[in-house]
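Chains: A, B, C, D and E, in written order; residue numbering restarts at 1 for each.
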Amino acid sequence: MALSFAADSVSLSARQLLCERDDRVLFENLDLDVRNGDLLQLAGPNGAGKTTLLRLLAGLNRDYEGDLLWHAEPLHDCFAEYAANRVYLGHLAAIKRALTPIENLRWLMSPWQNAGLELHEDDLWQALAEVQLGGFEDTPCNQLSAGQQRRVGLSRLALVPAPLWILDEPFTALDVEGVSWLEERIQRQVAAGGAVIITSHHALQGIPSLRRLELGVRATEGRS
Amino acid sequence: MALSFAADSVSLSARQLLCERDDRVLFENLDLDVRNGDLLQLAGPNGAGKTTLLRLLAGLNRDYEGDLLWHAEPLHDCFAEYAANRVYLGHLAAIKRALTPIENLRWLMSPWQNAGLELHEDDLWQALAEVQLGGFEDTPCNQLSAGQQRRVGLSRLALVPAPLWILDEPFTALDVEGVSWLEERIQRQVAAGGAVIITSHHALQGIPSLRRLELGVRATEGRS
Amino acid sequence: MWQWLVRLYHRLGSPKWFYELTGKWIIWLALLSGVGMLVGVVMGLLFAPADYQQGDSFRIIYIHVPAAIIAQSGYMIMAVSGAIFLIWRMKMAAWVARAVAPLGASFCLIALFTGAIWGKPTWGTWWVWDARLTSMLILLFLYFGVMALQRAIESEDASHKAGAILSLVGLVNIPIIKYSVDWWNTLHQPATLKLTERPPMHPDMLIPLLIMIVATYLLFALLVILRTRNEILWHERKRSWIQELPEVAARIKGGQR
Amino acid sequence: MSLVRATVRRDLLLAARNPGEWLNPLMFFLMVAAMFPLAVDPDPAFLAKIAGGIIWVAALLATLLSLDSLYKADVEDGTLEQWLASGESLYMLALAKALVHWLCSGLPLTLMSPVLALMMALPDDAYGALVLSLLIATPILSLLGSVGAALTAGVRSGGLLLSLLILPLYIPVLIFAASAVYHASIGMSFNSQLGFLGAMLALAMCLTPFAAAAALRLNLSR
Amino acid sequence: MSLVRATVRRDLLLAARNPGEWLNPLMFFLMVAAMFPLAVDPDPAFLAKIAGGIIWVAALLATLLSLDSLYKADVEDGTLEQWLASGESLYMLALAKALVHWLCSGLPLTLMSPVLALMMALPDDAYGALVLSLLIATPILSLLGSVGAALTAGVRSGGLLLSLLILPLYIPVLIFAASAVYHASIGMSFNSQLGFLGAMLALAMCLTPFAAAAALRLNLSR
């Protein structure tokens, strides 16, 4: 797939975002803009609120104050359109352990197919081969190692045509080769005019346009 | 605690170890010796069998052929003694989410106390403070972030007097500060004459005596 | 003697030996049980006299009783092979146990089904909560429990062991269950319908029954062996001796894999 | 293929690969019903009097137990998160999941019920009422239950909690259904009971998916 | 403090912090028993005849459902792995866990049973037999059940599966206990039944922890 995204396809903004968990303010007055070509890494110590913010940005959680805008419209007012333009990959990979990688991937791709993506069986097999799962396509996922299971979920990134990627700790459990594959994928996405928001304790070397958002002071300091 | 272990307290050997999973040989003819002062990192791509080998070495799984020896005696013949001399920390942290870090740590330490370790409440609080959980001691664990929950399990390493540590991907979900704390702990353990066996995709820089065992070819090559 | 036992044990534990040996048995087992059944059925249906009370309907006994007997011994076989697997870690035993479970359950179902069919003309009802019937039903539940557990556990080895543990616990419980059900029944149930008191059977009825029992045992053995051989083929599929088997080699050549 | 259809397909595939999913409720149904003659009195004349009620209680419990797994796996492995992320209607998902659940529990139970009726000496006249009432009312059980399953999906030992939430809601179904069977067994008409059950079914189909969808959303906004 | 004692303490602490663990089985017990008058025939004379059996069936089901969570959480969060790693006796752990389970399910059920008996119009003479039979026999249920819980701890939707495994094994307990209550209610002696239950309890205490320990080991050797 020769990727390339329209120059104004991504426009996600947060305005004066405030988020509390159990009476502890995780972040406040947070302003944020993500446009085409951006790569934003959310950084910060354990418990700073990276996952929390990422889930807000992905639209999975409405428990915040302030505004989240997609093309200047409140995110949850145009959620269907937003959903069709971003892919979210969390800690959990939505992999059914009794099914094979190919069956799992087929389900993962179904919303995109419904939205008009043409996909052949070959594409699926190729995506799995790309994440080094060639030969395991028909092995039930419960027989795969921790890293192999994560790769099944990641293989989706090779197929999905969404301009915005939202990834939570995607490097977890990946070996060196897996890490470099993913880094390259991210780089390609940004180069093609897409955007990526990522949380990771990993350094993300070698990607030029990287922007870091350092979240919060150490969480312990906020204690009462 | 000023750590220091007797010079011959660690002697773990594998001889001609063979392990199959689902008719695929993960490793065979594996010979391995771990003595005081050793730091052994199991490396290899996803699915190579690192976790599997580590669980064998920890004595959690008897599904292998060949010999595992502790001080020249079969491991499972002197298991109680072996267990009192090594600590195992797997993917799962044995943390009850409804309990607080301090309550969890108390349970985790009970076998060592039973074996004669003197432990005061203060020691527990201090161990938690060391992993940056000061202030969260009485917060139920289900309100902690991914990394904070892992830290509860890790805090045990500050207290346990076992010469041999066996750790599976201990850097998962830790932030930079957490990683450097753990690296330093590992270094101290080795310097005090203990031994550490670890699987990690993390580089483990700055520890001089590091030995790496590269496991298996890429798992895909073994396929039929 | 001891030496011989040890050798036998090692042989029994060897899938290759089992496969080759039983390969020669199949045909004989099939022949014997087939002929036995034919003889038994012909004798039972055509030559045995009709029952003076039940008329011809009693003839279903030639299926019912063998099936009931085998359902019970099947459980024993399953539990004992499970124990052998647990104690000596002999894989063959686990495969046998797994092969037996659904077969035993099937015979159990057959016994229940034929019993019900028989009950209608004799008792005027398909089912009563008689002690024997009830304990047969519970046996079916025990079989289903073992099968469901084996199915549910992902890891192959663990599923064998779990099945073995459960069938052993069940084995210890079977006498307790049987006893309690008998006791319960004698307390509650007025003795209106009884199949426990066996009238001394006429030899012309008895002989075909005995023949049928033996033949059904042979059939059961045959089925267990066939299923076990299937397990062997699957688990040892990558071993050279399998690939060199004429029937397998021919398929590999034929490109059927 | 839309995500709803893909999910129905995947869930049926899972049920086919793991037959316990529909066999286990069936066996449980049998076992629970079989406990009563043992605990109470195996006399057929007596059993005939309680057969309809017992069979219905057993069906209800079997459905209840099979509900536990309806959403739990989906929440734990992140499937639900992907659903929500996809922006498709959770209402449709909830309806689809209830349908799959009924296909894997209510339908087999209904088909099996005559065998149990036989064993419990249900009067011949009541067979039709039993099967019909099960056919109409087990979907209600699946629909109502799916709300409970959605609410407790994130809870660890949810099985028991789910039962507590849902049992009270099942009571009207139980009353009408058991009374239909009872009336049939004494030769009376049972149309009005079936009518009520049908009305409840219609109502449940419209309303419960909303509740289930809202409950699912709760699981996600952690 | 030994790991066994620490575990008992921690599990009781968990139960105290999450009262559902012992309240839910109790409520379920009540609800299931309450379903029967609705499904069958609320006439007190009729109820009195079936009360003992029904209460026992309800107790059995409540215990069964509460077993599901006995080991599951421990397997999932790695507690069991640490147990095995510590080299302490799994036999003792299994016994301790069964004890905790009984304290959180069997004991409250027993204490609650007179209330239910009242509602079900159990004859006055049978109260003693009901409470005594529950007191002796619910520990058997916990012990036998813990084997099933250990076997299914690693299985996803274990609740139903567990019931299938364990229900047939519970039948002797049900028969003797229900018969004790019945005999008491018609004014006969029920010593022999209690004697049998006591013998079963002794047997279960000796044997089931072995089976449970072996089953637990399975969950670890992945």
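Here is the rule we go by: a contact is a pair of C-beta atoms (placed from the backbone, for glycine too) under 8 Å apart; a residue touches a chain by one contact, two chains touch by 3 or more.
The UniProt protein names, listed by chain, are A, B = Cytochrome c biogenesis heme-transporting ATPase CcmA; C = Heme exporter protein C; D, E = Heme exporter protein B.
This is a predicted model, so every value here is computed, not measured.
K.L.:
If you average the Cα atoms per chain, which one ends up farthest from chain E (Heme exporter protein B)?
P.N.:
A
K.L.:
Please tell me whether B-E or B-C has the greater number of C-beta pairs in contact.
P.N.:
Higher C-beta contact count between the two pairs: B-E.
K.L.:
Taking each chain's centre as the mean position of its Cα atoms, how many Å separate chain A from chain C (Heme exporter protein C)?
P.N.:
Spacing between the chain centres: roughly 55 Å.
K.L.:
I'd like to verify one number: the distance from the centre of chain B to the centre of chain D (Heme exporter protein B), where each centre is the average of its C-alpha atoms, in whole angstrom.
P.N.:
Here chain B and chain D (Heme exporter protein B) have centroids separated by 46 Å.
K.L.:
Let me have the rounded angstrom distance from the C-alpha centre of chain C (Heme exporter protein C) over to the C-alpha centre of chain D (Heme exporter protein B), please.
P.N.:
34
K.L.:
Mind pulling the residue numbers of chain E (Heme exporter protein B) that touch at least two other chains?
P.N.:
Where chain E (Heme exporter protein B) meets two or more other chains at a single residue, that happens at 73, 161, 164, 167-168, 171, 175, 221-222.
K.L.:
Tell me, which residues of chain C (Heme exporter protein C) touch at least two other chains?
P.N.:
141, 144, 148, 152, 154, 157, 181, 184
K.L.:
Which positions in chain A are in touch with at least two other chains?
P.N.:
If we look for residues of chain A contacting two or more partner chains, we find 91, 97-98.
K.L.:
What part of chain D (Heme exporter protein B) is in contact with chain A in the complex they form?
P.N.:
Residues in contact with chain A: 1-3, 5-7, 10, 13-14, 17-18, 73, 76-79, 81-82, 84-88, 220-222.
K.L.:
Can you name the residues of chain B that touch chain C (Heme exporter protein C) in the complex?
P.N.:
22-23, 63, 224
K.L.:
Spell out the part of chain E (Heme exporter protein B) that touches chain C (Heme exporter protein C) in their complex, as residue ranges.
P.N.:
144, 147-148, 151-152, 154-155, 158, 161, 164-169, 171-172, 175-176, 179, 196, 200, 207-208, 211, 214-215, 218-219, 221-222
K.L.:
Going by the contact rule at the top, pick out the chain C (Heme exporter protein C) residues touching chain D (Heme exporter protein B) in the complex.
P.N.:
116, 125-129, 134, 137, 141, 144, 148, 151-152, 181, 184-185, 188-190
K.L.:
Along chain B, where are the residues that touch chain A in the complex?
P.N.:
Touch list, chain B to chain A: 21-22, 44-48, 51, 91, 132-136, 143-148, 151, 169, 172-179, 201, 218-220, 223.
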